[in-house]
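In order of appearance the chains are A, B, C and D, and numbering begins at 1 in each one.
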Amino acid sequence: MGFLHEFLQQMVNGLSLGSIYALLALGYTMVYGIVKLINFAHGDILMLGAFGGFFVLAAYGVTPLTFVLALLVGMIVCAVVGIVIEKTCYKPLRNAPRINALITAIGVSIFIENGARVVKVIGPNPKEFPTFKTVNFPIGDVNISQIQIIVFVVSIALMFLLTYIVNHTKLGKAMRAVSFDRPAAYLMGINVDWIISFTFALGSALAAAAGILFASAYPQVEPYMGIIPGLKAFVAAVLGGIGSIPGAMLGGFIMGIAETLTKGFISSQLADAIAFGILILILVVKPSGILGKNVSEKV
Amino acid sequence: MTVLRAKDISILFGGLKAVSNFNMTLEEGELLGLIGPNGAGKTTVFNMLTGVYHPTSGEIEFTDKNGKVQNITHMKPFQITQMGMARTFQNIRLFKDLTVLDNIRIAYHFNVKYKSADAVFRTPAFFKEEAEITRKAVALLEIFNLEHKQAELAKNLPYGEQRKLEIARALATGPKLLLLDEPAAGMNPQETQDLMKLIRFIREKFNLTILLIEHDMNLVMGICERIIVLDYGQTIAEGTPDQVSKDPLVMKAYLGEGVDLHA
Amino acid sequence: MKKNIANGLTLAAIAVVFTGILAALVYIGVIDEYTAQILTLAGINIIVALSLNLISGFTGQLALGHAGFMAVGAYTTAVCIMKFNFPMLLAILTSGLVTAVFGLIIGFPTLRLRGDYLAIVTLGFGEIIRVIMINLEQITGGAAGLKGIPSFTEDILLAPALSMLWVFSVMIITIILMSNLIKSSYGRAVLSVREDEIAANSMGINVFYYKMYAFTISAFIAGVGGGLYAPFFGYLNPTMFNFLKSVDFLVIVVLGGMGSITGTVIAGFVLTYLQEFLRFLRDYRLVIYPLLLIFIMLFRPSGLMGNREISILALWQRLFKSDRTQSKVDKAGERQ
Amino acid sequence: MLKNRLLLAGIILVLVFSLISGCNESKTIKIGTIQPISGQVSAYGIQTRDAIAMAIEEINANGGVLGKKLELIVEDDEASPEKTTNAFKKLTAKDKVVAIIGALTSKCTLAITKEAQAKKVVLITSSSTNDTVTDAGEFIFRACYNDSFQGQVNAKFAYETLKARRAAILYDITNDYSKGLMSNFKAKFEELGGQIVAIESYSTGDKDFNAQLTKIKASQPEVLFIPDYYSTISLIAKQVRGQGMTIPMMGGDGWDEITNNAGDEVIGCYYSNHYSPDSDDEDVKAFVTKFREKYNITPNALAALGYDAAYILADAIEKAGSLDPVKIQQAMMETDKKMVTGYIRFNEKRNPVKSAVMLKVVKGADGKLTTEYAGTVNP
């Protein structure tokens, strides 16, 4: 297998991984766009979503229908969790110093992880995630598994759906308004609290979907599974321009591809370091990200 | 002598021109008012003058404490302050969780001579200069009648005193030019009267040039010698209070037709 | 002024006597080795937590990688002693300096931006440092860890007392120097950055510079803490400095009160002791910490102490000078 | 005011008392054990502790040691070296134990060996396989074989039994256990004349191995050595098969329990282990039956090792005839006994000299995965 084949293979792996990062990055970007908070717990929502899917698939077996059901259940459960977190932990701190909200977000994140560990049904030990039996579609020497295709297709579909919601519905318009200028949106009669909750719900639902896709591709679920994807998705969001939805998608794919290429051609050890290297580089060169706008604080 | 000169400054916010081709000169000792309806771009002008925003085009020149003309268009706020321009904010920005005294003392920091090591090891140089800073800060507080509250947290002061403290803090940086952003906002007529007296007093005492943004017409008309009127990011009138208040464009922009600004 | 210096000297004297007595008690066995171990560990935790408090509590910039700084300090000390035969004090100071350089490198790109990025970048740094330590096998022993680091003394009977003496001395020096710094114009500059960056800027404070200033000092202190950690434990492993360790420090700072040195000291002792004491809770303990963080932020964001301090001097005066009769009554009460 | 001061005084008094509270002569022989009862590897720690407790119970039921009952004091170290050190200090300074069984992971054990040696505390670890664990001195023992032996066993098995000549390795670079096995496998396999065609690594917690596997596949190995724990193996195995590789995989004792935690992908794979719970050996049968009865779970290899460690220690104390650590140490060196995990004698480095079992993963009659004996490799 020559260099080109290996490169193409790694690109395929990267696209599949990147689409998951992109889904997750969307949640970061939307929440940041609307409440200017890094939701550290976002990666853990991915974990909860994956477990939601796990219980459905473990109970009803793996068929295309149950898979869709798992996606729906995971997304709904996480949407609710997202709203609960927002209402109980973040809303009271909306006017507090930012560092307080950040610390709370860290607390929520660790609470979800360790809470999952001590809850009997989840527990500390990794569980095997029921998934489709791998079927390979070789194209030349490049192997594409049907799981990679499912991951890619479902992610793209969800991204289209989100783009539609944000750009072409009344709710989306309201979201953009709140993100642009919260007090003004409030004065225009938009129920700001409701829109913020909705944003959390939407972001969390996408995280749940990302979790189930992630678990299908890497069929194992455990309480800490969300940390690393969460961090990388955050980097993706910053890379694309935090607050920008197309930016998050682009950033996600770049991160996925960068990671697999690093693993494939440089060193697997550097994969995480590369992620943060990219973050630092982008912060130095263009802090607003690839597609982000320069926004200065109101004085 | 010209203290401040803004030449054709404009700024874009996401394609929207918030201020366009704004020109202004400010002579030493002058008290200039900048007025205009909400959203006219007054605070944006302030922010450009003080380095919080940088204009998309145009230049700003400032004659610093040493009489040197500096191009401050792309300088940072702290550099501009150190040259002798101080400001207050429309929505008070005090160091809320620090004491009244510390709020003032912070303003003396950029002139501090002793080094971190003097502070850490408590050398005589430290004690000497700290005592000096405290003495100056208390003296300044006395002017504003706040010396008896020096140990209170800034956030616990009543609103009017917070306004005063912010002005005191700006003065502590030792400016030659003071920019006041709506200092009378939220004050009752009596407090506004007192504020007018105070502004006149500090202007004399500290030999200041003052640029003032204000909504309260009584205040503007009462103490400003010259007024610039902004609307939609452009200057629509300039002149003495009398001239400006009779300008039909101003009346139209401000309150619609047929309103007497002296009312 | 003279009074200030005199007060400072009294304070230092009290500290020296206190530390000496404690170490002596450990040496003669009145305080057993296990208790000494926990107290000494608490001392190190307090040093690192103080450094975190400087950047997060006093400067308002959330940093999540102090375990990483500690790791840099710990490995530097170990290498300095083992490879280059540095004397202990020089090794520990070197590790502080090396860590400060790391602080500069990380701070420079991130501190110009809003505070949130520092949190993520320091978190990433903490993780990357671990990867680096694992890969630098020649120097760090890799994943198997670095063993056989010389202790403060090779005399097994003297070791606990001497470790405690070292750690407590450094802790007390850190407390004194740090509070001196905070209560100076430089400290006020740092505080103004926390309070309101824009206002600080308009007061002539170079906000970026003072963030870097605080962050670098913070890294230095954390490095010194790590530098004490290496000879104290005698064994280093990259996994000892994971994210959860950074969170431990954050919990100490938040519980004690962001911006309170006394609070950090109290919380440091309490939480280090509790970690041992709460072991019966097993994994449930892991849930208590984050809950503590959330509840403090929601209901008492100022922590135990807020940004107030207990001054030993003031306490001393209140107890023994201002109302002598009262304190006599109290002492009588104590004896019963 | 007064109330505050009284409170303060009270706190000080309590602290002082808690500091000077001493200990008194006990009628039991105290044995300490340091295990990760909580944290990442708590599943192993709990089974080991249970097995040790079971052994101690049996010994006490049979009259104890030196006419006294053994008392087991368990400390949790959360698999953190820092906590291990604290626990060690507590056991030696506060509880004044005679000897210590532990810790479980190598990094934790390594954190205390130097001090155990200096203080002359007999320390036996049931499962720390890192080669250097016993380097600290004559007071440090272990009940398991070490990484280099296990790596060699796998290499020998791959070369001689599987007749493989091209081997690839995928290992966790952040884990000393995985690394130790990797380097020893490589050395032995090359010494035997085989060729290592690819060595790839990952970090603990990684989920995506496709990039590494793509490279491994390209090197066309005949066998893939993956020295890690079962939870990671099940994940890697899926991706190995997903990439269309059908070669057998093999690994060390970390694979223990793989049959309960992986899918059909691991059928036909091999791993070395300390014992097989399905063995016909009488000792093994008795141990497994009793453990199942007591704790309602099949004991894993670490449990068996913990059980053996407790017996090795108790026998040595009995033989020493005193609680003098030097005498116990000497008695330990004379251990020569058939136990659950094999026949145990210590070599000069206080490592047990025993053989390793190679197990093959197969599909059982009930459709579940199980293991079958695939051979014994002697040291």
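Methods note: contacts are C-beta pairs under 8 Å (C-beta built on N, C-alpha and C of every residue); 3 or more make two chains touch, one makes a residue touch a chain.
Predicted model only: the values in this text are computed from it and were never measured.
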- Outermost chain relative to chain C, judged by CA means, is B
- Task: Report the most central chain, judged by the distance from each chain's C-alpha mean to the global C-alpha mean.
- Result: C
- For the pair chain A and chain C, the C-alpha centroid-to-centroid distance in angstrom is 35
- Which integer distance in Å separates the CA centroid of chain B from that of chain C? 41
- Where does chain B touch two or more other chains at once, residue-wise? 52, 89
- Find every residue in chain C that makes contact with two or more other chains and list them. 131, 134-135, 198, 283, 286
- Task: Would you mind listing the residues of chain D that make contact with two or more other chains?
- Result: 42, 173, 203
- Sort out for me which residues of chain D touch chain A in the complex. 40, 42-43, 173, 200-203, 205-208, 210-212, 214-215, 217-218, 231, 234-235, 238-239, 241-244, 261-263
- Message: For the complex, give me every residue of chain C touching chain D.
- Response: 25, 30-35, 37-38, 41, 130-131, 134-135, 142-145, 147-148, 156, 233-235, 237-240, 276, 279, 282-283, 285-286, 319, 326-327, 329-330, 333-334
- Residue ranges of chain A in contact with chain D within the complex: 1, 6, 9-10, 13, 17, 124-126, 128, 134, 136, 138, 143, 145, 147, 214, 217-220, 222, 224-225, 227-228, 259-260, 263-264, 268-269, 271-272
- Task: Provide the residue numbers of chain C that touch chain B in the complex, in ascending order.
- Result: 1, 4-5, 8, 177, 180-181, 184-189, 191-192, 195-196, 198-207, 213, 307
- List of chain A residues in touch with chain C within their complex: 37-38, 89, 92-93, 96-104, 106-111, 114-115, 117-118, 124, 227, 231, 234-235, 238, 269, 272-273, 275-276, 279-280, 283-284, 287, 297, 299
